[in-house]
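Shown below is the structure under consideration.
In order of appearance the chains are A, B, C and D, and numbering begins at 1 in each one.
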Amino acid sequence: MPVEYWLIFILIVMIIASIAALEMDDILSSIVAIGIVGLGVSLSFLFLQAPDLAIVQFLFEIFALIILVKAFLGKDYHKQAPSRINKILAGLTIITLTAIFIFSVSVFELLPPFGEPLMTTAQYYLDNGAKDTGAANLVSSIILDYRAYDTLGEITVLFTAILGAFTILRIKSKSKKENSELSNATK
Amino acid sequence: MQQNEGMTLIVKTVTRISVWMILLYGIYIIFHGHLTPGGGFAGGVIVALAFLNVLLAYGRKFTSDWLNIGFLHDLEAASATLFLVIGILGISMGGAFLANFLTKGELFALISAGTILPLNIVIGIKVGMSLFLVVWVLAGFKIEKGD
Amino acid sequence: MIVYLLCFILLLVGLYGVLTKRDLIKIILSIGILGYAVNLLLILFAYRNNSIYPILSKGKEISPMVDPLPQALVLTSIVIELGTTAMLVALAVKLFEKYNTFDITEIRRLKG
Amino acid sequence: METKTKSRIIVFVFALVVWFALTDIKDYQEALIGIAISMLISFLTGHFLIANVASQHLIKRTFHFLLYIIRFIWEMIIANLEVAYLVIHPMLPIKPGIVKIKTKLTKDSAITVLANSITLTPGTLTVDINRNKGELYIHWINVKSKDIDQATKEIGERFEKTLTEVYE
């Protein structure tokens, strides 16, 4: 069976799972459905001959699951009934997105067929990567040697994001501070 | 190991037996990033998950007795600096920022590929520590019921 | 071609979630779906028929390999996505603490 | 020797074995880095492995553990047949419920192995453990008796006798 058919099957499962994740009421079911989508992406990476990405995506999925469950489960979560205007807006959005999809079909027809890539610049890396850097894993040789600047920027972004998360969680909200001052005063 | 914090006894015992295996596999992935699939990103996440395993099974107090959290903060900040230091060493010894100045070695040996191995280790520490600390902060964040 | 279109549908599903959902958890999940779709689309463009993964191994003759450059870029993108997800979750938790709800219309109404 | 030190040495040896299984043993670079990493791991997580020292001799314990595995497989076959009978039977004569059983085991790992064995045999499932009182809550697909002693005899005692030899 060619790779393309497998990918079509996985993608259909992923689309169904993502719609389910967005429409389900229970928050734990949504998080599990998102897990299905992520594992589908990981499996597709394996079919597309990218084992590095498959490993990272799989771990990302586990980690995101832990964060989401840890943060959102157990909060009392009220499901609001959608109002009339929301229903109208959702309908309009679906119509607009369908129109975008229909118009974009002709754009995708311009692309070369699946399996014959557009980009040919990377041929240099394939030919000389092992000789230039001495690494057998060519992806690793690109991220840490040819394009190490990208990784530097990526580390900076990660550092900033994590620092931002720390700072947000450390700030004490105003009302709580007042409350604690009040309670201290009464003591 | 007697406190009631954390999960049930089964989870605690299995964690006790398996945590060294997860840590070893993460470090293996980091060190073989230039030879096999994986590398600093994947290995760093596995190391973070090994620590998280203990945090989720045993609770915060046990983990803060086991690990020095302040030191992990320092390590996380220091690894970003180390990346820059390796880059600047590339200027002085190789002529360009982040140039591969170490010896290339022979293909398929563990110590080869110049600066790729040290950079992988630095990235592994960075990713692992920051992801562990995020969950650490999130887990300690208790929402008090407002009125 | 049909693979590209299906992947584009996945992206549109994520876009639909971001545009219409009112609750913060669903918005975070939709941003995740958008990220998955974009990453997958990049790797789909890089695939070449009858070729193997771009890693040399001992005693194997050289055969055509897939394009390693998009893979390197997507690897970076996945890790950044992890950082932004953590940041978004922290923001959502903080908002819940302040307003005691995840509904963005409520949050907009209750100022101060 | 102190328990923690003993545990660290055992983890060091295990880690080295796993490292050599993952990599090429003939390469001296791999060997040196493997030793360094195993030391790091035994320093970081080594003291977790062994919680308390067993009194029995190691060879005797291994022998009893092998006996336990045979016993477990036998019980599993019987439980499988029972559940298969329940499933095939047209009336579906099940009577699900949660029962409480007692255990005399005291060590953490012994209770874990007992609970996991009960979960792995079809028809019974460990729901919760009360560590201090030595009680296990079991979900049973076909409750034969609600009495604690009777239920203990039916579920727990099959494994408990051999496990006492291994761990206590």
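Definition applied: contacts are C-beta pairs under 8 Å (C-beta built on N, C-alpha and C of every residue); 3 or more make two chains touch, one makes a residue touch a chain.
Here the structure is a predicted model, which is why all the values come from computation and not from measurement.
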Quiz item: Chains shared as neighbours by subunit A and subunit B?
Solution: C
Quiz prompt | Dominant interface by contact count, named by its two chains | solution = A-C
Self-check item: subunit C and subunit D, separation of their C-alpha mean positions in angstrom
Solution: 40
Quiz item: For subunit A and subunit C, what's the span in angstrom between their mean Cα positions?
Solution: 2
Quiz item: Where the CA atoms of subunit B average out and where those of subunit D average out, how many Å apart are those spots?
Solution: 30
Quiz item: Measuring from the mean C-alpha position of subunit A to the mean C-alpha position of subunit D, what distance in angstrom results?
Solution: 38
Quiz item: Among the residues of subunit C, which ones contact at least 2 other chains?
Solution: 53, 55-56, 75, 78-79, 82-83, 86, 89-90, 93, 96-98
Self-check item: Residues of subunit B touching at least two other chains
Solution: 36-37, 41, 45, 107-108, 127, 130-131, 134, 137-138, 141, 143-144, 146
Quiz prompt | Interchain pairs in contact, sorted by label | solution = A-B, A-C, B-C, B-D
Quiz prompt | For the subunit A and subunit B complex, residues of the former touching the latter | solution = 51-52, 54-56, 59-60, 62-63, 66-67, 70-71, 75, 130, 133-137, 139-141, 143-145, 148-149, 151-152, 155-156, 158-159, 162, 165-166, 169-170, 175-176
Exercise. Quick one: which bits of subunit B touch subunit C in the complex? Just the residue numbers, please.
Key: 36-37, 41, 45, 107-108, 127, 130-131, 134, 137-138, 141, 143-144, 146
Quiz prompt | subunit D residues within the subunit B interface of the complex | solution = 11, 14-15, 18-19, 22-23, 27, 29-30, 33, 37-38, 40-42, 44-46, 48-49, 51, 108-109, 111-112, 115-116, 126, 128-129, 131
Quiz item: Which of the residues in subunit A end up touching subunit C in this complex?
Solution: 3-4, 7-8, 11-12, 14-15, 18-19, 21-22, 27, 30-31, 34, 37-38, 41, 44-45, 48-53, 56-57, 60, 63-64, 67-68, 71-72, 75, 77-78, 80, 82, 86, 89-90, 93-94, 97, 100-101, 104-105, 108-109, 111, 113-119, 121-122, 125-126, 129-130, 136-139, 142-143, 147, 150-151, 154, 157-158, 161-162, 164-165, 168-169, 171, 173, 175
Quiz prompt | Complex contacts: residues of subunit B adjacent to subunit A | solution = 29, 33-39, 41-42, 45-46, 48-49, 52, 56, 76, 80, 83-84, 87, 97-98, 100, 104-108, 112-116, 119-120, 123, 126-127, 130-131, 133-135, 137-139, 141, 143-144, 146
